[in-house]
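I have a structure I would like to understand better, so I am pasting it below and will then ask my questions one at a time.
Chain naming follows the written order as A, B and C, and within any one chain the residues start at number 1.
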């Protein structure tokens, strides 16, 4: 009886509060909330609400004013002048100045894992309280995307500039920013509570009184909570099997819009340093043996998009005119014969291992397991090598001790930020994951990439990247499979969802019921 | 009192035979054995082959019990998956028994200093949380069947050791042991040939139950993702289909049910053995 | 006086044991491939070699094994359990945060299992051979033979999905923001499924133990004499038989704490219960060494304590027990 009363009371409370609380569900648990020193959706989602950035982007890949209400390139593109809004304040009342912007940019440059993002920045000058000039050593068109919420939170210098290491700063778990929502409470692994910033510098926003991030370890539990309408907003939902169920539930909407710049490509990486994978014919044979259609249509129920190259389809630089590697077992076998890999006992040409990232079954383990019967058709005996946890996988792949491995690597908007790292021969490193772990080296590709990185003319840049995509797909250091599906499951009454190119990694200050 | 002419073992069997629950358990195990031995011959589908659309419900022509998230045949998985599951359980229980008996017998026979030292070792292992320690071992040595078997065997033996020790302490005092000593038999001979056979009943019961526990342990490790994905076992089936519970409940329910029946059979038999041996002991 | 000496000696032995356990765990975790920096770098989205080297230096994981071990032991001896590199918080406070959830889960499960299990077992012994005893046997065997996470998932399907009367997971409803008594009730509401699932395993054990030991005591000379003397049946059962029959159950329950923690890991995973078991599991996967060691040490301490208490209880309840040193 008591429990019944409690439930009724909770129900009333929920209704009364329905207007003003947004419950945000996710299985991505962050270590802390400072995106300047860490990449990853888990940190970007809350970080973008707590911190504001110089710029933000719309759904057409066009930069929009945010903390900077105007900007211009000067000096042949080697300087970017930012003019800040006059009324922005941090959550502790102090004003946001150019000093803070300069400090944040240099902090990100020194600590953010994506070195290429701000490597060209030499210094940031602050001729006045509201003007910051970013001085770069060469033209760097990627700078505009680099100054957005996923990468560049504007940190208060008077708090984060105290000399402590920004990567473990004590205030990373109870941060102070100038964003639409301020930090209220955090229970590690359980929930994060944010409150409306009443002094937000954009008038009329935000709309919710509170945002509660609820963290779930288990997709089953999260899906149950969504169905019971306890969770209002769940971006970056990747469990495909449960999507049909959500689509059938009244009051819940499912969309794939938003987040196009993230470019999460799921692929099979080949260690080109190891025989016989140093022979491009062997790699091509593997590409021809894998039925991407089957993976997308059957394994993923038609809910992922095929990826055929290193740059995601939504990017302005995407080149669809590359070799598609439609499944062709006969051709694959022929290539292997040509390469001199003869079938031995039992028709086995070669025994190899496939590694996979533990965690997301549908994108990694399932595909590794699928390769077992599929590559058997071209004479490869596959052993699926399980890593019980991430560090084990990271050690193997970072140490180049693998044959094939599944991997998910993100474009992150501008190719300079997330694409170059996989293909530059200068980025072949020991012990570093998400670098050029395939040991791929092609001087022409190196040249194309460095020229594209500094090219200011959009058309010329696109042409360079198109050539790059053609070459890389032709040489197959990587077999591209699909884009990670990012669905947003939400309460149907929500409006103004974050559907710019950064999706929920951008501020949700316009969202309302 | 034992009837004239019947050995204690025959008498135990007579009691066992009358126990209905134990017989049910035995038949369950018998049925399982038939499925495991003959199954793959009669239903030669490779559990790793993709036979149909992913997550087809049971009742399909291609896959009578449905398919899993990859489109693999559940029935094939059940038929093939029993072997590694039972193998892991059996081998782990063997390791547990051997280690347990060794330490327990030495402890119980020699007593005093040996007992104290070995007692510390037993306590040491008892204090380690079994699952977590097994996880550390598997993380260390990479998930393979051998690692899982060793990990389970190594953490589960303290119970067996305590039991063996208690039995040895008790039997050591009895007359026929004293006379064997007086006659000058070596320690090894006394332990192995004189005391151990008489200590066997509770040890057998315990080993039986340990097999059931080991099977459940393996299932738990698979559920957490800590097993070899190249070997199809029932535990692996549950663990890998876990996220699809609500979409393809058959992929989780059927293997779980198989584990349940197997462990149930083992438990009933173990129970029956316990009852069969006990009246005899009580009458002493 | 003799009591005190025994207790002190046991405490000293326990301390030695704990040190040995810590050293073993430390060594094993150290040997595992990869380290906490790999995890952090993975979540950061990658990093350069220089950054990785810097992080290793900052977190002290680039030092030699013996050096790290010595530093750790020294710290623990001084009462400092170290810092979790992943959470950037003191291990002690992280554990303290999670203890209430696990203790609540385990104790509730223990109580349910003991009370329900013992009752069923005693009743089955009292009316042996009938269908009731067979039913009890069946139910308890189910709990014992079915994998705990599977039973949990089935219960979840049944009572949180098919008939949604219980919450699918979590500790309490942070959205409703209940306080005081309402919050306690909310937690209780969330506790039902996980505690019942965990209790199922041990229900079997305790009911069978209770039944077996009850049967034995009921058939003993002691009880036969009491009956012959004309003592009423109920008094025989409650006063004489029960107390002696419960001894093995209590002993076993004490020793089961370790096993309960293991079962808790699985139950906490299925029901997203924010306890120590989950934390330990994740930390092992992340190689967050100091946190893992802290939890393992704590578990060792609790089990040792449990053993000690059970030992003392045993002696109090039955002073006839002789010690063997």
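Quick note on the criterion: a residue touches a chain if its C-beta (ideal position, glycine included) is under 8 Å from a C-beta of that chain, and two chains touch if they have at least 3 such contacts.
Keep in mind it's a predicted model, so treat the numbers as computed, not measured.
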Exercise for review: Consider the two chain pairs B-C and A-B; indicate the one with the greater count of contacting C-beta pairs.
Suggested key: B-C
Revision key, fill the gap. Relative to chain B, the most remote chain by C-alpha centroid is chain A
Exercise for review: Return the chain label for which the distance between chain Cα mean and whole-protein Cα mean is smallest.
Suggested key: C
Check your understanding: In angstrom, rounded to a whole number, how far apart do the mean CA points of chain A and chain C lie?
Key -> 39
Revision key, fill the gap. CA centroids of chain A and chain B: separation to the nearest Å works out as 46
Review point. If you average the CA atoms of chain B and of chain C, how many Å lie between those two points?
Key: 22
**Study point:** For chain A, residues contacting two or more additional chains
**Key:** 220, 388-389, 392
Practice item. Mark out which residues of chain B touch at least two other chains, giving numbers and ranges. Key: 135, 139, 242, 245-246
**Study point:** Per-residue overlap in chain C, given as positions that touch at least 2 other chains
**Key:** 32-33, 161, 269, 284-285
**Study point:** Contact footprint of chain A on chain B as seen in their complex
**Key:** 46, 48-50, 53-55, 69-71, 135, 138-139, 142-143, 225-230, 240, 242-248
Point to revise | For the chain C and chain A complex, residues of the former touching the latter | key: 32-36, 38-49, 51-52, 55, 58, 86-89, 94, 97, 156, 160-161, 164, 168-171, 173-178, 182, 185-186, 188-189, 269-272, 274, 278-279, 284-287
Exercise for review: Enumerate the contact residues on chain B facing chain C in the complex.
Suggested key: 21, 115-116, 120, 123-124, 126-133, 135-137, 139-140, 212, 216, 219-220, 223-224, 235, 238, 242, 245-246, 249, 252-253, 256, 259-260, 263-264, 266-268, 271
Review point. Can you list the chain A residues touching chain C in their complex?
Key: 2-3, 6, 9-10, 13-14, 17, 21, 23, 31-32, 37-40, 42, 111, 113-115, 165, 167-168, 170, 172-173, 187-191, 193, 212, 214, 216-218, 220-221, 224-225, 228, 230, 388-392, 394-396, 398, 410, 421, 429-435
Point to revise | For the chain A and chain B complex, residues of the former touching the latter | key: 219-220, 223, 239, 241-242, 245, 298-299, 301, 358, 361-362, 365-366, 368-370, 372-373, 383-389, 392
